[in-house]
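One chain, chain A, appears in both complexes that follow, with chain B as partner in the first and chain C in the second.
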Partner chain A sequence: MNPILLIANDELRFWRRSKLAWTVLTTLVVVSVCAAFVSNTEVSRRAQERLAQQAEADAIFQAQPDRHPHRMVHYGHYVYRTASPLAVIDSGINSMVGTSIFLEGHRQNTATFASARETGLLSRFGNFSPAFALQSLVPLLLIICGFASVTREKENKTLYQLIGQGIGNTSLLLGKSLALWSLALLALIPLIALGLSATGADIFDFRQSLGGLTFGYLLYLSIWVLLIVGVSALVRTSTQSLSVLLGVWIVSVVLMPRVAGAYANAAAPSPTQIETNLRLAETMRSGGDSHDIEDSAFMDLRERTLAEYNVESIEELPFNYRGFVALRGEEADTEVLNQFAEERMVRELEQKRVADSFSALSPIIAMRAFSMALTGTALQDHHHFLRAAEDYRYDMVQSFNRLQMTGMTLADDLARNTDAESGRRTRLDAAAWREMPVFELQPLSHAQRWQAASQAGFIMVLWLLVAFGLLLFAGRRLQA
Partner chain B sequence: MTEIALQATDLKVIRGNKTVLSGMSFQVMQGEVFALLGGNGAGKSTTLLAFMGLLDVVDGRAEVLGQSAAEDAVAVRSKIAYLPESAALYEHLNAIENLTYFLSLSQARPDAKALHSALESVNLPKDSWTQPLKSYSKGMRQKTAIALALLRETPVLLLDEPTSGLDPAAVEDFHKIVEKLASIGVTVLMVTHDLYGACQVAHRVGLLRAGQLVDVFEADEDGAIDIAAIRDLFLQQQAA
Partner chain C sequence: MNLSYRLQQEFEFLLKSKAIISVLLLLLAIAGVSVVLGLNYVDQERQQIAELIQLDAEERAYKRTLAVDYGGAAYDAFHAVWNEPSELAFAAIGQRDLNPTMMRIRALALEGQIYETDSVNPELALTGRFDYSFVAAYLLPLVIIFLFYDLIAAEREGGRLSLLEVTAQNSRSLWIPRIFLRLLSVLLAMLIPLWFGIIVEGTAIGIALQASFAIALQIILWSTLVLLVATRPNFRSETVASISIGVWVVLTLVVPITGKVYIESMVPGIKGAEVSLVQREAVNDAWDLPISDTMDAFYASHPEWSDSPPITGVWHWKWYYAFQQVGDETAAELSRGYRETMIERDQITANIAWISPAVAIQRKLEGLAETNLDASLAFEDQVRSYHEQIRRAYYPVLFREVPFSNERLAQIEISDFSPTQELGDD
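Moving on to the complex of A and B:
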């Protein structure tokens, strides 16, 4: 048998006969299974809630009686973001950002502007999910199991005997790594099982990402395995090995993500929600009030429209001018709102870019980005939801404005609050909102998710090469 | 014609900040038993590790059957069976498992009969063969390690305090084994504190002090070595 396999086999035999290894293995299984169970329960519960809330919101919206269409614009509608099927593995930023938005005219609400500052978005320690277990706890358990893999041989002088049998140092370290790696493989079983049993929209598309996700976690845990065995080979005693590895774990898993988040906030600061709202209100005010057709901001529009239709007054236009102003006003408002929203998203992406640059110092930052991208729970997925919700809001509001423009006369519209008959004529049939399409979020495609994950994946490959280099270096330096 | 099996040439080794070997030179011929005597810190064990290619040699060369231990450590180790001072075997395995595992690493494939024969030859009680080594006495561990060294069937045997912890009868058995191995051409380099044991089994005895070979004593025609001369020189060196 190959010496690497022999050494790996013996290491596993040692663990089978070691109480510590059994304790670690039991903890590993309990942590993995609990994380899978808790996450699955929580995500399923939230998904059910959102489905029920969306259905209720749709029903309430569609049950609205005959109304003036602009009242429907302000009555508004809720849309909910359904979690991606792989959110059971990694909830990503879902728990930190809004999953519902109240849609109404002239405004972009809740999820969009509720988190104007991305405080700690990437620095949270994480939820108890399989991703959290694999990213944070499994490396710790691997350290506990493997910190003495080589130092134990030094301390018991068995390294003399091992090397004395004519095997190379690198073969010895690769054998030790292979044994530890097999433990890491065990930790991946709940992830694969959860991914394969996940259900939901576009599940087939997401299953394509599952392979990449599993590979990514394998890559990440391999980095830790090589690092653990490399350090154990480089230092003299098990105590030194444990101290160094725990230090590395604390810095890279606990401290570095927080430092990255804090630095990102400082390097690419966001204005506060109040600052954002004040600036937005000021910009919106300068665009005029589309409820008032006499607003000076719309005089140019009036002149151009009269000229275009070759008429003298707005009463002569072949449509309700008030609805037309609402349509154009919403168009202008939305342009401003989108500009603010895009600015905010650019800032968030810049913060993310700065935070992600710390992945050169800690592989967990790259792993988090990779995992969130492939599970559809990353910042870009949140932005995708916001844009889709905004598109839906705009289409909904404009469809009501068009109804106002074409479904009634200007005279009735102006007199609807003073003349009962006009008021009756401007109340449109409720069928108009019953026929509104419901909001359905199409998630980013597998290819788009891969594209978003590629940079983090590349950094993890670099980390693996560095860890492998460390192992080779340790092999050359290994002394009994 | 007898060839050189082990050759140290101006060997210099530094461990930490201390020069452990400083320009040591000697040769051991094939089939010869050469014992290195010396006090604590004289560089005895370091000499063995240098031949195993387990240390960075600052200067000079350590060669095994013509191959440099530093440059071709893996090939050199395949020709050496090494017996450390404290039997370096796995406590979670029993004697049979230890032998099987270490021998499989050296690509040897001894059958059960050969394993049993080796364990019998070192007088390890049969009922202990399948007990984990953690239940063994120091002597029993040493015997298991000797059995492993025998089973390797290598042309060179390096022994670090091989009789430490053995009872007198086991020491006598061990000396017989070494003599038998030498008679079939195995080269033995042993380092020890045991002056009388060394003189009993070795063809030559070297006296080591502060990383240098002070003198070498050869056996006469009857195979006897002048123990008194070695002892006097050793004491004289210690007093200096």
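Moving on to the complex of A and C:
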């Protein structure tokens, strides 16, 4: 028998007799299954909720009576974000962001009402999901199972015998690692099962991500396995081994992610919402008020339009000039709004980049980034939703502005509040909003998700190499 | 052997133990960093508030110069409101970043304005804050576990236990000085940074003492837990450590996270989004309703203006503000429900705190620091009554249909928001 397998087999046999190992195994199974179950119920409950809310919002919107189209621009519409099917594995930022946006003319609203505020204090303790179990708890369980894997042999003076039997140091450590690794494989089962049973749109695309995700978690747990056995081989006593490994776990799992966040907030601070709003209001002021066709900001446009159509006055234009100003005004407003929105997204990504650079100090930061990117619950997915909602908003508003432009005369439009007959003529058939396409969020593709995850994946590979180097180094130093 | 001799002996012993000293220094450093970051955060918030107040006044003054009617003037007049961080906020920033802390409100329907929160980076918010209360809730127990897990087993495994027990008069005089010194040193490592912050901020002494007491209690609780395990005969130090860490994982991670799931499924409650949806619907529908419907509803709750002249045209500012107010009134019940949902969830959290010291200490510190739900709701109340004040300031000119003049407009004075003073009486 291969010496590596022999050692692994020996270690597994030891665990079978050890009460501690059985406790760890039971905990592992209970935690993984609970996490999978809880996460599944929660995600499907939320998905149902959102589907219902979106359906209701669509129904209310479509049931609006005949109206002046600009009233619909202000009436607006709600869109809800559907969670990615793999959110059952890693809910990522979902609880920290609002799931609905109110879309209306002249402004971009933010996604309000993150569930974190509504839940209160406890929302900050994390989410009970397979991702949390695999990232935080499983390494701890592996530590408890493996910290004594080599020190035990030293303390019991059995290391002599093993080495005396001609088993090489490296084979010994690899064998110990293999035993621990089998436990890590066990921990991955709920993730795979849950991922495979997930349903939703583009599920095939998500299956590909699931493959990458499983591989990533395997990589991450392998780093821990090698680290645990390496440390156990380097130190003299089991107590030392446990202290060192627990210290590593606390610093890398509990402390580092928060330090990274705090540092990113301090290093790349973001202006307050009010400050941004004031700045935005100032920029938009120069764009003029598109409700008022006499606004000086639109005089240029009037000249150009009159020249283009070769007419003397706006009444002679072949369309309702008021609708035309609304259309152009929205176009200009949106340009400014998008510029501010992009600025904010870039800043958020920059903060994320700063925080992610701490993955050089802790593999969990790389793992989190990798996991959220592949499950479609990362910052970039939220930005993707914001952009999709904005595109939908712009199309909706402009289609109503176009209706205003072509569906009525300027005279009627100007007299709509004073003359009942004009008011009636400017009220357009509700078919326009009944037939508007509903909002459908096309998630980022697997290729896009993979691209976002690749850097974190690369860092994990580096970590694995470092951990393997540590193991080899420990093997060289290991003396009976 | 008298007590002071034993203490001195143990003190020397403690100084010699490199591992313990370095862990204590690490705790001191981490707690210190958390306090400095917290002070920094609070400072930044105060600066933002100061800037907000200044910008707000300038912008409002500028907008007034453009006014052509009272309704338009009210429409453009935003007023800053803010929730000043308390003198202990540096230690427990809590949910401040997710709750509304500063905004600008105007005489329009409040339900559409009051939930405006600052834009946080969701990915950074996800990890939770690195503040002093985090150190106390998460790291402190781990340090205590480290200090006590091999208290007895280390001596036993080193083969010194029986010797020690023979030389000591009784086991009390053997262990109590050691335990006492370790407790004292960990308490100092936690309190020195806290009191640094307290002195910088000038926190009220009562609050400072309560916070310190909470920390001491947390230390006693965890050391008792660990010692209960550590003093079990024949437990090896690794076993003590594994069990203690297991307890820590359950109490600090598993219980709160399970509690969160429990809360969300037990109290599905009313979502904030529903409130704003209803309010928005009500305001929007008003445009299509006969003007008299809105005015009747408004006069029912504001009878003092019911003798205002009837509206003849299709548009009047007083109608506009009336339907804004009716929108708020329509959503009022849901809004209360939303509030109650959060209160109810907070109460369950209070119950969970009984089984999770991590939740307990964070709740306690956030309560003292006024960064908890109660403080957030109190702020909301202040904003509500301030909004009432703004609204009512414009009603006389709107409902008496006073002809517009800049002189009359200048007489409409709304005092600045004051976060401490009680505003209004309703």
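In the analysis below, the second predicted complex is superposed on the first by the 466 of 480 C-alpha atoms of A that agree within 3 Å, B and C clash if a C-alpha of one lies under 4 Å from a C-alpha of the other, contacts with A are read in each partner's own complex, and residues count from 1 in each chain.
The rule is simple: contacts are C-beta pairs under 8 Å (C-beta built on N, C-alpha and C of every residue); 3 or more make two chains touch, one makes a residue touch a chain.
These figures come from a predicted structure and were not determined experimentally.
Student: Once the shared chain is lined up, is A:Trp181 touching chain B (first), chain C (second), both, or neither of them?
Tutor: Neither partner.
Student: Between chain B and chain C, whom does A:Phe61 touch in the aligned arrangement: first, second, both, or neither?
Tutor: In the superposition, A:Phe61 contacts neither chain B nor chain C.
Student: Should A:Leu6 be classified as contacting the first partner (chain B), the second (chain C), both, or neither?
Tutor: Only chain B is touched by A:Leu6; chain C is not.
Student: Which holds for A:Phe319: it touches chain B only (first), chain C only (second), both, or neither?
Tutor: neither
Student: Could you look at A:Trp224 and tell me whether it touches chain B, chain C, both or neither (first, second, both, neither)?
Tutor: In the superposition, A:Trp224 touches no partner, neither chain B nor chain C.
Student: Using the touch definition from the top, say if A:Tyr394 reaches chain B (first), chain C (second), both or neither.
Tutor: neither
Student: Output check: A:Phe385 vs chain B and chain C. Expected answer is one of first, second, both, neither. What do you get?
Tutor: After superposition on chain A, A:Phe385 lies in contact with neither partner.
Student: See if chain A has more residues touched by chain B or by chain C, and give me that chain.
Tutor: C
Student: Share the list of chain A residues that count as touching for chain B in one structure and for chain C in the other.
Tutor: Common interface on chain A, chain B vs chain C: nothing in common.
Student: Going by the contact rule set out above, which residues of chain B touch chain A in the complex?
Tutor: It comes out as residues 49, 52, 54-56, 74-75, 77-78, 80-82, 84, 86, 88-93, 101-107, 145, 148, 152.
Student: Taking the touch rule as given, give the residues of chain C at its contact with chain A in the complex, in rising order.
Tutor: Per the stated touch rule, the residues are 19, 30, 37, 40, 44, 48, 51-52, 55, 59, 80, 94-95, 98-99, 102-104, 115-130, 134, 138-139, 142, 146, 150, 154, 157, 237-239, 241-242, 245-246, 249, 252-254, 256-261, 263-265, 269, 271-273, 276-277, 280-281, 284, 287-288, 313-315, 341-342, 345-346, 349, 352, 358-359, 362-363, 366, 372-373.
Student: Name, in rising order, each residue of chain A that touches chain C in their complex.
Tutor: These residues of chain A touch chain C: 20, 27, 31, 38, 41-42, 45, 53, 57, 60, 65, 67, 71, 74-76, 78, 92-93, 95-100, 102, 110, 112-128, 132, 136-137, 140, 144, 147-148, 238-239, 242-243, 246, 250, 254-255, 257-262, 264-266, 269-270, 272-278, 281, 344, 348, 351-352, 355, 372, 378-379, 382, 417-418, 423.
Student: How about chain A: which of its residues touch chain B in the complex?
Tutor: 1, 3, 6-7, 10, 13-14, 17-18, 156-168, 479-480
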